[in-house]
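The following block contains the structure, expressed as structure tokens.
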Amino acid sequence: MDFRWSEEQELLLESLEELLKREAPESLMAELDAKKEFPDKPWQALADHGILGLGIPEEYGGAFTDIMTMTLVCQALGKHALPLGIIYSLGVITIRDILQFGSEEIKKEVLGGMIRGDAPVALGITEPQAGSDAAALKTTAEFDGDEVVFNGQKMYCTLSKQAKYILLMTRDQKSENPYESISMWLLPTETPGITFHLLNKVGWWTVPTYEVFIENVRVPKKNLVGEMNKGWPQLMANFEIERLALCAASVGAAEAAFEDAAAYANRRVQFGKPIGTFQAVQHIIVDMAVKIENMRNYIYKIAWMMDNDMPVRTEHAMCKLYVARASFEVIDSAMQILGGLGYMMDHRVQRLWRDIRLMRIGAGTDEIMYNIAGPQLLKKVR
Amino acid sequence: MKSQRDIWIFTEKNTLLAELVGCANGLAKEMEANLTALILGPYSLARQAIALGVGQVFWLGEQRAGDMVEDCVPTLAKLVETHAPYAFLMGSTTRGRTIAGRLAARLDVTVLTDIKEIKWVDRYFQASHLIFGGGALRIEQTQVEPVIATVVPGTFLPGQADPNRQGEIVFVEWVPPTWQVGVRERKPRTATTVNLAAARKVVCLGRGVARKEDLAFLKDFANILGAEIGCTRPLAEGLNWLPRERYIGISGANIKPDLYLGVGVSGQVQHTVGMSDARVVVAINKDKDAPIFAQADFGIVGDLYTVVPALMAAIKAMK
Amino acid sequence: MGLNILVTVKFAPNAVDIEVKPDGSISLERAEWEISSFDLPAIEAAVRLAEATRGKVIALSVGPARINNSKLKKNVLSRGPDELVLVADDALAEADTAVTARVLALAAAKLAPFDLLLSGEGSADLYFQQVGLQLGERMGIPTLNAIRKIEVYGNHVVVERSLEDEIEVLEVPLPAALSVTTDIEQPRLPTMKEILKAGNKPVYEWSLTDLNLADLPGKVEVLHTMATPRVERKNIRLQGPTEEAVCELAGLLKKEGVL
């Protein structure tokens, strides 16, 4: 078993690290966070470098890459500029949905823009009454000649205002079976009838989230992505890789926090000695490092399984469950080691702390991960 | 078999002549050698060389219109081949390094660049220079002649001029170069006479300074401290905000002030090697991981645009 | 009109990783080898000129056996050159500038005809600022340093040369050897596409025998290398709100007698 990266992966990560140092230094990320601004320039720099084209087929202007490399990219982004890792991860699912289910016309229109630096296509699933119970969504789609008319409301729709499109999930209310009555549509965000209401979150300040009101919004029928009433299985197909990408970004963030804590432990002198010489601090450091090592191995294993076309339904849920918790714990420990300084808005660990806490909730709560993995695990043992 | 040992010196920069003589004098004593200067310029310069203590001058005449200094390389090469000096010291300027390199290639010898010290030990030349961006000192020795070495301004004590000294001035024949480069234009750089090496206090500006317009308030800051302004390489070379003489670093000024205060300076070793002997080092940088902090006595992690005005106010309040 | 451009590249240990041993001597054993940083702008300048004229860039490197390393080779080729020529031999391990220039000159002669021979201003580890100049002279072509801009006009180039007191604008006949400054171009960052292509570009490995070099008498012997003595610094970080920190600093500076 060779745990080493290929030379190409090493060179790509070195190049990416250099790019992030130039275009997304910590001072800029801190400033954007304080202003709650979408990181336009750094995102554009990623586009110009070609990173946003990874995984998109060459015929649409991208460059092939495997899931392992994508995982490494998300991890590097998470470490050096977490918001970029988050935004990138959010795009992973919508890009794949469009690639797998969109018409040629939709693919050409959307993917080119994404490679050039558009904000990723936003995902419109959750509604006020439909969170973990996503199938309870109520937004409707009624046909009217060559058009389809949407009515409804979406909640926690991240980047929907920045993006050019929302991947909108609607449900045929007449059908009893939710899993065969949901459809997926491409909704341009400039279409009349859409209202955005900005939500005030604890973290993810540079990745805005909105409540979206959809009133008699009309788009051409051909904006259907995939098949009518097959939206649910289409959606499920790519949740796994989105969760993996977000996990990778979280691991990167934990690594950043670890470095901050360790550097501080070496430098901060109390009672005449660097605090890193005290056993209590060393024990925390070791626990952090063990968690990071576990998280890394977990995300790489899942990536490897996906690259080898192995099913990861149970495994990815367990991975997401573990990484969401462990990454937050590592960052929380870093804050503890940094003491008062860690609690200051000046220091980046508070930003990582606020941003990563969402991981246990977003993209599938801990509880849903348990629900996915539990029954499957029991089935394995008779 | 030579009975006489010769040390030759050459520089196109008149102000460096005295320092080269100073360097050569030390060597000449150890080797029992004679000093010869090669002069390209007016006759008065040849006389000046004699006054500095050079026994002999090979005078190449004045530079011809349209020529470049470097066109003297074939002439120098022929002289070396004819007279076989043991050592040839040149001023380390952009032109000096060109002439040294081209000459060395013609003669199939190497160049000892930017030497800090040169000695004659057991019939070997031993010279030291900084490598690894200033992190290490390498000592080399060679017997191959001539030893061509370049000398950075400010390394050696200059020789003293005495107009009563006597010496020989020999006019030498010019060898026309086989290729020439056309000089279309010369654009002067903002030249100011600043002697950074003599300044007791220096405020050094780095890449953290965002706009050229900000130099004005930073000069005010330096004035309040009674300090000279220096800078890191990008501000002099790349951005051209300040003249090259203000650049502190491995191929620039080497300073030993009482106070060095870096503003928006990251502290790469290529820069710090030029100021690491300062008595008190202060750093202001918004990157807490900037290498300068490891080399500073006092550091403030913060935005220079907030810290410097506040510091100016605090200092004024103390007076 | 495509220009044929050669660009010299040095692979050297990253000086950031030097270890100082207790006796003051230096060890580079743990240092990673990489492309000398001053060569990156030269490579970028060469590639851009080739792109503008639909020409070709061949990267050329000489050094000890370990430069024949897969990752190093891909690193260079991912930055735009079309081909790479390597002369890797441990006889070149401690080569001085004259030996390096000599080997490069023989290799470049085998790649002639070419229009431009670009080099960085010096190497990141030793920074003697000599090889480019000596190489050009050994090849008998016009050779200049400190070039910060190159414009192509058919059979000659117009360059800007950055001197201490002035900028010279010069007309240089081709072929010519130019050592370029770091501000000639900002080096591009390799993209995934370029990194993947790099592994497929031609690499030629020549031996010293291929260059008819039987022996390489060095001119200079390295006696020893010692760490430069470091002044012990207090490393005091002034914390807290700006007003307090600067007041504390002013007080400290007054105590030191520099205010």
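The chains carry the letters A, B and C, assigned in the order they are written, with residues numbered from 1 in each.
In this section, a contact is a pair of C-beta atoms (placed from the backbone, for glycine too) under 8 Å apart; a residue touches a chain by one contact, two chains touch by 3 or more.
Since the model is a prediction, treat every value here as computed from it, not as a measurement.
The touch graph of these protein chains is complete, with an edge between every pair of chains.
Inter-chain contacts peak for the pair B-C. Between the Cα centres of chain A and chain B there is a gap of 54 Å.
With centres defined as mean CA coordinates, chain C is found 40 Å away from chain A. Separation between the centroids of chain B and chain C, computed from CA atoms only, is 21 Å. By the touch rule above, chain C contacts chain B in their complex via residues 15, 18, 26, 96-99, 101-102, 124-130, 133-138, 140-146, 158, 161-173, 181-183, 219-228, 230-231, 233-238, 242-243, 245-247, 249-254, 256-259. Across the complex, chain C is touched by residues 68, 70, 73, 93-95, 97-98, 100-102, 104-106, 108-114, 126, 130-142, 144, 178-179, 181-189, 191, 201, 225, 237-238, 244-245, 250-251, 258-259, 269, 273, 276-277, 279-282, 293-302, 306-307, 310-311, 313-315, 318 of chain B. Per the touch definition, chain A reaches chain C in the complex via residues 7-8, 10-12, 15-16, 18-19, 49-51, 53-54, 63, 65, 69, 341.
Of all the residues in chain B, the ones that touch chain A in their complex are 286-287, 289. Against chain A, the residues of chain C that register as touching in their complex are 70-71, 74-75, 78, 189-193, 195-196, 198-199, 239.
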